[in-house]
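Sharing a structure, written as structure tokens. Questions coming.
Per-chain residue numbering starts at 1, and chain names A, B, C and D are given in the order in which the chains are listed.
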Amino acid sequence: MTLKKAGVLGATGSVGQRFILLLQNNPGFEIHALGASPRSAGKAYKDAVTWKQTAIIPESASDIIVQECKPEGKFLECDVVFSGLDSDYAGKIEKAFVEAGLAVISNAKNYRREPEVPLVVPTVNPEHLSVVENKVKEARAAGQKRPGFLVCISNCSTAGLVSPLKPLVEAFGPIDAVTATTLQAISGAGYSPGVSGIDILDNIVPYISGEEDKLEWETRKIMGNIAEDGKTLAPLPFANMKVSAQCNRVAVSDGHTACVSFRFANRPAPSLEQVKEALRNYVCDASKLGCSSAPKQTIHVLEKSNRPQPRLDRDRDAGYGVSVGRVREDPLLDFKMVVLSHNTIIGAAGAGILIAEILKAKDVI
Amino acid sequence: MTLKKAGVLGATGSVGQRFILLLQNNPGFEIHALGASPRSAGKAYKDAVTWKQTAIIPESASDIIVQECKPEGKFLECDVVFSGLDSDYAGKIEKAFVEAGLAVISNAKNYRREPEVPLVVPTVNPEHLSVVENKVKEARAAGQKRPGFLVCISNCSTAGLVSPLKPLVEAFGPIDAVTATTLQAISGAGYSPGVSGIDILDNIVPYISGEEDKLEWETRKIMGNIAEDGKTLAPLPFANMKVSAQCNRVAVSDGHTACVSFRFANRPAPSLEQVKEALRNYVCDASKLGCSSAPKQTIHVLEKSNRPQPRLDRDRDAGYGVSVGRVREDPLLDFKMVVLSHNTIIGAAGAGILIAEILKAKDVI
Amino acid sequence: MTLKKAGVLGATGSVGQRFILLLQNNPGFEIHALGASPRSAGKAYKDAVTWKQTAIIPESASDIIVQECKPEGKFLECDVVFSGLDSDYAGKIEKAFVEAGLAVISNAKNYRREPEVPLVVPTVNPEHLSVVENKVKEARAAGQKRPGFLVCISNCSTAGLVSPLKPLVEAFGPIDAVTATTLQAISGAGYSPGVSGIDILDNIVPYISGEEDKLEWETRKIMGNIAEDGKTLAPLPFANMKVSAQCNRVAVSDGHTACVSFRFANRPAPSLEQVKEALRNYVCDASKLGCSSAPKQTIHVLEKSNRPQPRLDRDRDAGYGVSVGRVREDPLLDFKMVVLSHNTIIGAAGAGILIAEILKAKDVI
Amino acid sequence: MTLKKAGVLGATGSVGQRFILLLQNNPGFEIHALGASPRSAGKAYKDAVTWKQTAIIPESASDIIVQECKPEGKFLECDVVFSGLDSDYAGKIEKAFVEAGLAVISNAKNYRREPEVPLVVPTVNPEHLSVVENKVKEARAAGQKRPGFLVCISNCSTAGLVSPLKPLVEAFGPIDAVTATTLQAISGAGYSPGVSGIDILDNIVPYISGEEDKLEWETRKIMGNIAEDGKTLAPLPFANMKVSAQCNRVAVSDGHTACVSFRFANRPAPSLEQVKEALRNYVCDASKLGCSSAPKQTIHVLEKSNRPQPRLDRDRDAGYGVSVGRVREDPLLDFKMVVLSHNTIIGAAGAGILIAEILKAKDVI
């Protein structure tokens, strides 16, 4: 198999480090270019980075000379560029990379709400990638070079929430009301400075800046449709899917938990057993395409009353499988459940890798 | 002031230890009798107990000889008996104490649903105590000895939830729908064995046996009315106040956090500012009665976006004040908010002490 | 390769669960018999166990019918039996198994101090296994069946301490004084009840029952010699190697940290660089024998000033590699250093597996 | 009683906040001037500070207009100025304040090693304050204004270590060897950024920059003598008191634990019971002087094998009492023990307050 050349923007940051770790063992990609701040540029990666992962620095990355985050040098040879840039920098840099004809998959929030940019959880709405697939195929049909494009990874807590909602909507029609209270891991806040130890030890912080709005809005885009033009995405109207989120930071290293309740638009609602059955039977497209990172089981429906738990369940399917437990009837809406997803895998860098695998399988990159 | 004689059942357990700590500095009570298992009976308290509090053992308790939990000996001289008994034992023992004519205030769950037993959060529904007040006054009027009676303390997470709901209902009429996702402290699980360290470090347990049912049911009793007979309590019907709870155990020592949303029955709903105003202005009866443990501020409405936090806010008004933050509009119901209450003070032993202070102020004990 | 049949005693406990997890992917062993309490006997393993590991229950174990811990049935067919029994039960049961001719590798403390029982950290003193090897070979030479025997796994904190001491003694001669203050993970305390959450959150427990004595005594046996008879072990005399231990329990899930200082008997002492060199160059016998679980690097000498850290370094070489950092001169003794070892791998179940691999490589089982 | 006017430098930082909290209830001082960065200057304190304490902002401070940290305005009216400045700024600012004739008590490390600056743990070596007392009295005798002077508070971990060593040296003569392995709370690292949550959850950091050197050096100054000139301090020579420290950061909010072993210079060493007796009987001068913050019991000798524990014991005597447990014989040196001290009280801001109380009692300020 031909290895695709991968670049990483923001390579020294915590998301960038995750991209590099995941790429190193991926059978379809090789690390080709690493970009960071001017302060790091010119150094070997191992000397530029403060490595904070539990696995050691991949040899395939450690001696690469870090570049600045400009669309030049080795980046121009990349088949795909993963961006772990902070939102302060992502806006300009990602735009420049796309304009230079590069395929960018970004974890930053800057362009998530742009109509022509797919916002993708790879196990949930890979069909939204057709927006860029169409663009690429049109250009190729016209004998042109592959154009640059951008795909956005969703917010980490959004990825968990939509994972069980999608199969349910596929099986039983629209869900018109959702409440989600999240208990989010500190790795989601990054590292510099991230969450302070004194703020999280024996404590909860019942607020994450911008998070509730992201969860409420992104869910509607991901659960939404491709517009008739085939080129843009159409989020569900608020009235069609009301989402109410309350987000908390808790003393967990990895793994976001969400306590969710929801209501189907169609009456009668399905039975509890039908709901669990639909979750269990769901097979994501990435699995059907044979993507190497796709989970064997997209949704794990756990029957023990005290599961899922972050420490015990976050690593199912290497963090690409989402766990759902305590599915039961809800006195207000139809059902409630607990959803656990690995925030740095299916909720961030891992999602980017799996999106790239799908794009590769579909010959877009 | 005459000191009332207080007994403590289950005195060596974690709730019992809290009763003793709170009694020692209380200006209205003195510790008179301590009851525990036959294994402990006959020993000095300091030798019978494995003391697990941050404050040292009160001298007023340390040399008291522990009795068995039977209505005899020094217990018969008590004006009030606080029960921190485990529910496995509370049923029979508390019944025997009441039948022996004692005034029992219990933290156990056994009799909470009995119609004639008030289930009381002292800063919320002290008016329910009139059920026992009436009984006592009738007996006295008939020239009889004060009869025994039982008052139950609510479940710890219930106390937090009803604290802001009560002032809102008083101000704006019925609330017909409530969702509450709790993040509960480990001290609520007691100590032997309580929550295991390996279960809670870097983890969440999204389940507490029986808790969601308690939260849903007890809320309706506490928010309910005194029946027309003046002798029993009438919980709100389910249809009048639907409560949906999801309960989690988190790595916090003390202080239960609840993410709550709610809807008023009356339209139009009050404004956000009116809601906060009603919470701020609420003064509980215990304060009006001058009870020494009553909070100066019953509900603390916090305006900083990242508050309340357990470590920073649980000790407001010595744990008798409840903090409410992030009051805001909710896309589904009317409003949402974060509620923090100290689970061992207003949610357990402390509530018992303040109930006793109210009963004393009203000349019931 | 012929698979050796393995039995596990105490299979439902936390050490037993670890044995099963490690065995399932081991290329040299298959799980053949599982023993637990009479309450569990007769049930399929998956129904008998409260599984508490982050990996899911191995299929190879889940349907095995649990036996009682008696040397009968399938246990009699086992090439090796791993004991994760609690010390309350290990004494009698392990004795019965050895007498029935079985090869037992035990994590219990009961027989560690018996002169004829090797106490082995497999990356440190595998040569002590010659005591049982000799016994087996003698029997075989006499045409007899392989006799039963027992090998003990060391205490978890001892394993970490002796790991760097052994290469240093090999290189530079006796170490006559050692101080070790440990910061031990809660997984080392097991689960029922193990360490209570309320005892370890925002806290340290500066005491582990019996631990300091084990650390001081076992170190001298492991660093000691085989007696001249070739059949027993001779711990170093106290005067030849004084060990002073202070043991603490801290809020870490896995991985014991020890702050160690030590002095060589010979003058002049080696240089700091020589010490680090000796640690780096040490290759354990298990690696030389090609054992599948042997670490690639026995001792990882870390140069960053803030390493090793449990969360980042405990999984090196799948928990079989020990990390040593901050090696520096000591104002009192010669050198000090920080040692990190994975308490459930090289310090418990994993050590048992690697001991079995060595015995297999040497044709003892 | 006349209230002394107190100023606080670095008032918005975490040490500054502690000074303010402690001053507010102190019967001898009133908050008069608050200094912070130019960014904060001109604002009311409550608007300038990000308040991170569990108690609410003292009313006596909240409306004070913050000044720049210059010896002008209200600072010139202060009887004493407490400095919670970061060491990056403390050097110049404190010098300017002293030169302006102010009495400065500083938590910064900058001048701790200056011979003429007393380095004081108020319950340990208040006699070193005579260096400034003499200076002040000389000036007064000469009819001059009180000169400016500086007193330094010790490093937080040093305060715990010297607390039991001092009474032992008083009782039994010199201690010539000490080892101390510390498990230090995260509050000791301040807040911006302090210790990151991801670094301390399920983890230990076995390194604190500069800490071991401070512990080794400051101990010798605090345990040292006043030079013959009566104007400078003479630290003990290294050879007379060898200290070896290993410092770790652990997941504890407040309270530093130290595992200590030590040897007396004189033979025979005292008995274990004599050592405990000397610790129990020690009464610090601040208690004798009647200082309001002085601990009732300077050293609490705990007899339970698993004490002291940070969560249970750090608040003894409001954080001014130091707890010592597990005193026992040591195989290498003479004795070992566990010492727990509150790092922000006796180890930082609280020490400053008690030093000021002593200076006031002695009529120096």
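The rule is simple: a residue touches a chain if its C-beta (ideal position, glycine included) is under 8 Å from a C-beta of that chain, and two chains touch if they have at least 3 such contacts.
These numbers come from a predicted model, not from an experiment.
Contact with both chain B and chain C is made by A, D. The minimum number of touch steps linking chain B to chain D comes to 1. Ranked by how far their CA centres sit from the centre of chain A, the chains are topped by D. Chain A and chain C have CA centres that are 41 Å apart.
With centres taken as mean Cα positions, chain B sits 43 Å from chain A.
If each chain is reduced to the centroid of its CA atoms, chain A and chain D end up 49 Å from each other.
Residue numbers of chain D whose C-beta contacts span two or more other chains: 52, 199, 201-202, 251-253, 311-312.
Across the interface of their complex, chain D is touched by residues 177, 179, 181, 183, 199, 201-207, 209, 216, 238, 242-244, 246, 248, 250-253, 257, 259, 261, 305-312, 325-326, 330-333, 336, 338 of chain C. Across the complex, chain C is touched by residues 52, 186-187, 189, 191-202, 251-253 of chain B. Looking at the complex, you find that chain B touches chain D at residues 52-54, 56, 201-202, 253, 311-312, 315-316.
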